[in-house]
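In the two complexes that follow, chain A is the common piece, with chain B as its partner first and chain C second.
Our next item is the complex of A and B:
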């Protein structure tokens, strides 16, 4: 694998030298490889003698395969193997990401039982991609179809299964609502939404004896190798997963999936490397996106707008053969002070692929509900939407009853409102216009918890003056390469140009999932610890080693800056490289982890990196740890056509300390842009007869394009939060999207006087009754 | 349909000969047969723009072009964009400076579109850049930074 080096001079005037320390706006060090087309993504590895696999998916939503005639496909030119439920290799059951056994039965990647349209039913492997694609169309599948439940709007789906463990309650919310002078009760809905990373899923798999190598984009290298290893009854060391570049994930690339089982077994059955790329339409059912959600919110308040009660009844879709919970109370029970609250949630099984994580699972639809509802309340009692939020400001975590570590939400309202010009807003709906455009200004807040898991890192300082940082943690665009180089440079006292970073390889020290916005915080902590230890070791050698010229100084310590070691009170300096040469050392190597000292055995490490069981809750400890944001958004609505354009966005965000503001701002803006798409465009359309996602491609499942997005101003209002993380950062990547859709819906109401409570906000909803 | 043909492609100034089926797309010819993986496959159906390359200087979607169609024509991919002796093309340098990408997967297509967009004279305003760059999807949401990068590169190239 190729280390990513920070060597190149990177254009920006703030780059280089001391300005590259942690907190500076260093350009991303993996950038040159990406812009020159040299970065090799998972599917771009090409071992000799590689064959190509193409998947075939079911065309019915529920039922049974009576028979598959694979003979015409097998007889097609170049075909090497057809895998169907009849000859699929049974694999061993795995341990899930929660640490629980998945099943006591073998795992079958292909079955005759069909639970959703688009379920994998066969795979064709051939000498070329074209031959495999052609033969995939020759399979004759005889189905026996059963009645299905296409969505949770189908009456057959019923109310679903209650999740008692997710229920939250304090006070007597039902009674307080019933007795409240002001009451709002509305239902808010979000459709199925899909991750849609531009790099589709897939892998190249190669066996050498009982050693499996997988080149596959991954947000969680250690869990995925564990999963592959368990499938084949191997120790983890017998699987290597290589994922130095990941073409977007947004929650969808953390697990080994059915296509991974198929490609690895095909490689084993054929004894040659196999590439399997999931086609873009297949990505809509090869793994799940965010499930459809609905929630009824009842807000009781005083006439002055003080909340008395929040009652939430929510539900999300799940599959008939799997459980996915989209925690709908996560923001509802956190954002505002209320003496009474009750939140309950059901999951409703339907014939779909099991949903999964998509950017801010839970917080995103949760904020959609409460941030629309509080806006409705503001009009009901006749006060400003910002004012009502400050009126009900939660001075402590209302659920955990603990103080916030930091909550710069007031500052976010203040600075955001100032930059946006909120004071000039005419509060009356339909009061602002420009020609035939109705103009609306809306606001909404968002939050995302600080998740904490331990990690480890290897730091090497070489005699040629370079240093290297290594971890299995990944970079899918968050900036991991860059901030870890900055962390090591600062801790050691070296120019960042001398640091190389290796990531995304299971052969490197372990890391937990790049998800829950935790990786930057935990890995900067681990790298800082290892790099500081390496620096201490270097100084110890310089002071004590008989071959060191510093020995005779009898100094207690030495300083290191810009790669040069100096005595404390002047005197001759020497570069790190020169010292190591004089000592006859080719390198200093230090590995450190951030596990608790009483729980850092090999088994503890595996549980930390292979499962989420060691992830600490945001309220574990004395404080409640969360990142916060406020979005101020202007929309222009064409009065005749009902088309909505977002014309201005100002967001103020508290992510604590930013390790690299340039890259953090990119992530915030990326979340905001995904939120604009969510608000106005994104919707998996489900055929009510076949349960098929009919817009399963990028021309029909609309994500925001460049022309949909205005300039976006982001303002950091955070301060370092050392309760949250070793170096003071809080959540970044998932924060930005939370609250965007309600801010847009609130702006649309302000523009038009029409409240849209079901995403996306499309013209037929605005023009309809 | 599946009988392999001998095809000569002129890619990034180099003549390359390959034996492929006539149904092989230009994108698969580059990625699977010529080891030029800079051009990306995001959808394989002409909807995302990640495969954008230049044929005789004009942007085309390599996934909707058969390799056999472009025999004898000048193909430029992101790997061939940097002028001889230069570290980066001005568009590449502007993308780096403005952080106009995150995961990097749509980036080669964005860059190839941006180069052609500027050359075509379709980068005269931010609104025009947004419109003419809208055939290239970016799920990480780098659009405002892409606009800033194209604007700056246009100045550098004029």
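Our next item is the complex of A and C:
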């Protein structure tokens, strides 16, 4: 055991001690139902008399619709309704997730104005999906096309709009760069990338009077019911959204979207349930993925490799009718100590769907730039890539000037390097080969902030010995069901198998977005609070109720373990179930929230659960809160073909305490796998004339397959961080992907001597001599 | 609703009769037909299901060669012991094609009938111009994204790449396509686009592929299929090569060599010039690499796909040297 490991208390089962439910490597409790096909996803709901809606999308990038002839479609067999801009139901404007009004005008889900190829322009609703699909092809749409801006590489796009409010600056970065003895200046690019969750988007909508029920995958149940409620001028309680399982979202399932408006209005217009499943090609424009980004980084340093200045000029694409900011300075201004920094960013409107969140928005492309650039600097000054990172280690948050709550990044470098064997690395590019394979080792760091919003949970303990945990928070595969059962089991003192967790239903206590890697921390906090209160109530009954055998005892002397209440020093013990039965109670029920005590009104709760206005920034308070990671990656590049294969990954990560190491490791690995796809494969190819994403399917939009993924070793270097969250965890879900792409690009450089600064690293970029 | 008739053929004769109907398409594994029907490219009036025909799924290897029934599954042929021994390039081409799920469904006959992956061909709602889909309508691919388009065998009307892997190996080893009694060399079975890119195979209405035969040869026995692509699995070739080699008793003089290319041409592409340049020569890297460049004579890049002209000869050379024990 190393000195580092000896000191480490991770707050999980590796610490030893009690058979702590929280921190154990329990497998996902929702796993068997999913494997057996018993888990019912939103789109599998099938109410009687359901009709099917199929969307039609624009085939021009810019212009307007002169006319739509829907008569042939309306006359087609089985067709019930055709919705076009001419008869679309105007809905009321919604409040955005920032709590600001979206508009003062009605929301039109379909318009004659066309701003991007693939914009929804009509919907056909029929008795069957096949009838609706066929009729959708019968619409005659007469477009008048205008000149379009296909991408920010088109000169017509210009430089875009500066985001002055997001500019970061300290010192005099321009001058310090100009005067620096060592300078590197390069531009790094990422293409449009798409979320492509395996479960496509869509919903089943049903009205009963003025009550709307929606079965729809959701990362944010409370915001989506608020969206639907506002569109139809209803209070939130009049909308119920049911999302027990989510087949991946990666940021794309947090809002009610255009197809949701169309399906719900169709259900209202027809007065029958309507199902709308967005097709895979349509998902590429039914919502936005990660925008294309570019950033020019100028690094000034001493000859010894000490950073003197970082200047970043960044840009991301947005749409002509919406704003999406991909914050490119989020890692740049955080990772390294530098006396001077300047980061500015523009957004450039082009004819695309408005981009949106895709795993680690901001941090991901930001790390791509700075972690490639620091690697380039290491070669410029002749220092090992790990050593230059440690040389410029930020001992405090260089932007907020606050101490880190915990930053076990040094330990991550140390443990990761050791496990990888980094010390054996010959720094010279093209120094390792195996037959036709050039082998390279690369490193890059990553980070993701700890976001904090309050939550709420209901805990019930039943007389039959079971307990129940309920929240509208969701599980999209990350393990919410499992860790909340573990939390309740530990807080109450019950076997985890006896705990049932109910999630993803707006009828349950509210929760903020499952995004920003916050849900596990906030929900374990809320469940722990509620379950502890339930336990306290149980013990209160045990010592106060005349029918209880523990009547004479002190509250703090009773213990509960494995569902059994025991008095001190070996008296008669009794199961929770037996006690409740004896007391004639069918259950104990406790609901608790973690809102501040001076701000927990109903209105506060709404704002907490259906906006991000109550989300605390990572630097709100005395500390700067972030999770950290380092990826060590080996690639094998075919010297003749330019094909890159990742052959080894060792990542050391600091996510604080892990509530369930098995699930946290899976999340990290999922992020790393997605990062490998991002580095080598993923790229939306947009036809330059027509604006269509031409690889809009999973045969052509390449994500990593099993064959592309080697064994991945992940090492937890975190310790419980109680500044970060109630139970000591930091960010997990979005952390793993951050830094993977630059580690691969750096490894490719080490293998080949070629710097690829534009993702993905496809073979033709390495083919030339 | 898009109506079509569905008939399950009772015999090959029955299938031929049903396939003569206007707008008829045969259904075997369904991996191409269903896919193209969903895209709106295939709109059959009659679907003739041949999956239940008996005796069409045999895999036989004799001293004369291999006989693959048209309904043999890709995965079965790929895994057949005799095929692996006598025609390794055929087995390897199949293993590297599509995905496990597709290989378990798709048939050998259907595999020869698969259509191009050209995104413009596959998206009639967005791109009206496609000479392959609608003769005379133009070609939307030109001027578009052409990374995966062909550099060999193109015409002014079409630059779509033939996506096959198996077909490349078949072309290398002079396989024969059996349309009942009519037998067509596989190289003639696949047509250049010319002015009629809608016609990809030399098969007439009412004809049914019943088998594919591959003559045994020393070159086929010592062969390989090398497929190069960014993704390790489930991706079409950036460039691929089927290569077979027969050496003289000295172990270094090339007696016979077969070279065919995939992923770069409008049909599975036999590289006769490379074969001719190497026959009788000594197997050594420099000679092989120089000869491999001849495969790209007449290649025309379309912009994004220029890399294929650099890549393909390297793939050929590697495959030859590999099968010759030098790489």
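As a working rule, the second predicted complex is superposed on the first by the 741 of 769 C-alpha atoms of A that agree within 3 Å, B and C clash if a C-alpha of one lies under 4 Å from a C-alpha of the other, contacts with A are read in each partner's own complex, and residues count from 1 in each chain.
Everything below uses one rule, namely that a contact is a pair of C-beta atoms (placed from the backbone, for glycine too) under 8 Å apart; a residue touches a chain by one contact, two chains touch by 3 or more.
Because the structure is a prediction, the values reported are computed rather than measured.
When the shared chain is aligned, chain B and chain C each come close enough to touch A:77.
Touched residues of chain A, counted separately for chain B and chain C, are more numerous for B.
Of the two partner chains, neither chain B nor chain C is touched by A:739. When both complexes are overlaid on chain A, the residue A:349 reaches neither chain B nor chain C. In the superposition on chain A, A:643 makes contact with chain C only, while chain B stays out of contact range.
When the two complexes are overlaid on their common chain A, residue A:28 makes contact with chain B while staying clear of chain C. Contact with chain B, but none with chain C, is seen for A:40 once the two complexes are overlaid on the shared chain.
Contacts of A:59 after superposition on the shared chain: chain C is touched, whereas chain B is not. Using the contact criterion defined above for the overlaid structures, shared-chain residue A:131 touches chain B and also reaches chain C. In the superposed pair of complexes, A:685 makes contact with chain C only, with no contact to chain B. In the superposition on chain A, the residues of chain A touched by chain B in one structure and by chain C in the other are 77-78, 128, 130-131, 134, 699, 704-708. Per the touch definition, chain A reaches chain C in the complex via residues 59, 76-78, 117, 128, 130-131, 134, 137, 435-436, 638, 640-645, 680-681, 685-690, 692, 694-695, 699-700, 702, 704-708, 760, 762-764, 767-768.
Contacts from chain C toward chain A in the complex involve residues 1-2, 40, 117, 119-120, 123, 125-127, 140, 143-145, 147, 228-235, 238, 307, 310-311, 314-315, 317-318, 327.
Chain B contributes residues 2, 21, 23-24, 28, 31-32, 35-45, 47-48, 50, 77-79, 81-82, 87-88, 92-93, 95-97, 99, 101-108, 111, 126, 129-131, 133-134, 136-147 to its touches with chain A in the complex.
On chain A, the positions that touch chain B within their shared complex are 8, 10-12, 27-28, 30-41, 43-44, 46, 77-78, 128-131, 134, 196-200, 245-248, 250, 277, 279-280, 476-479, 662-663, 665-667, 669-674, 697-699, 703-712.
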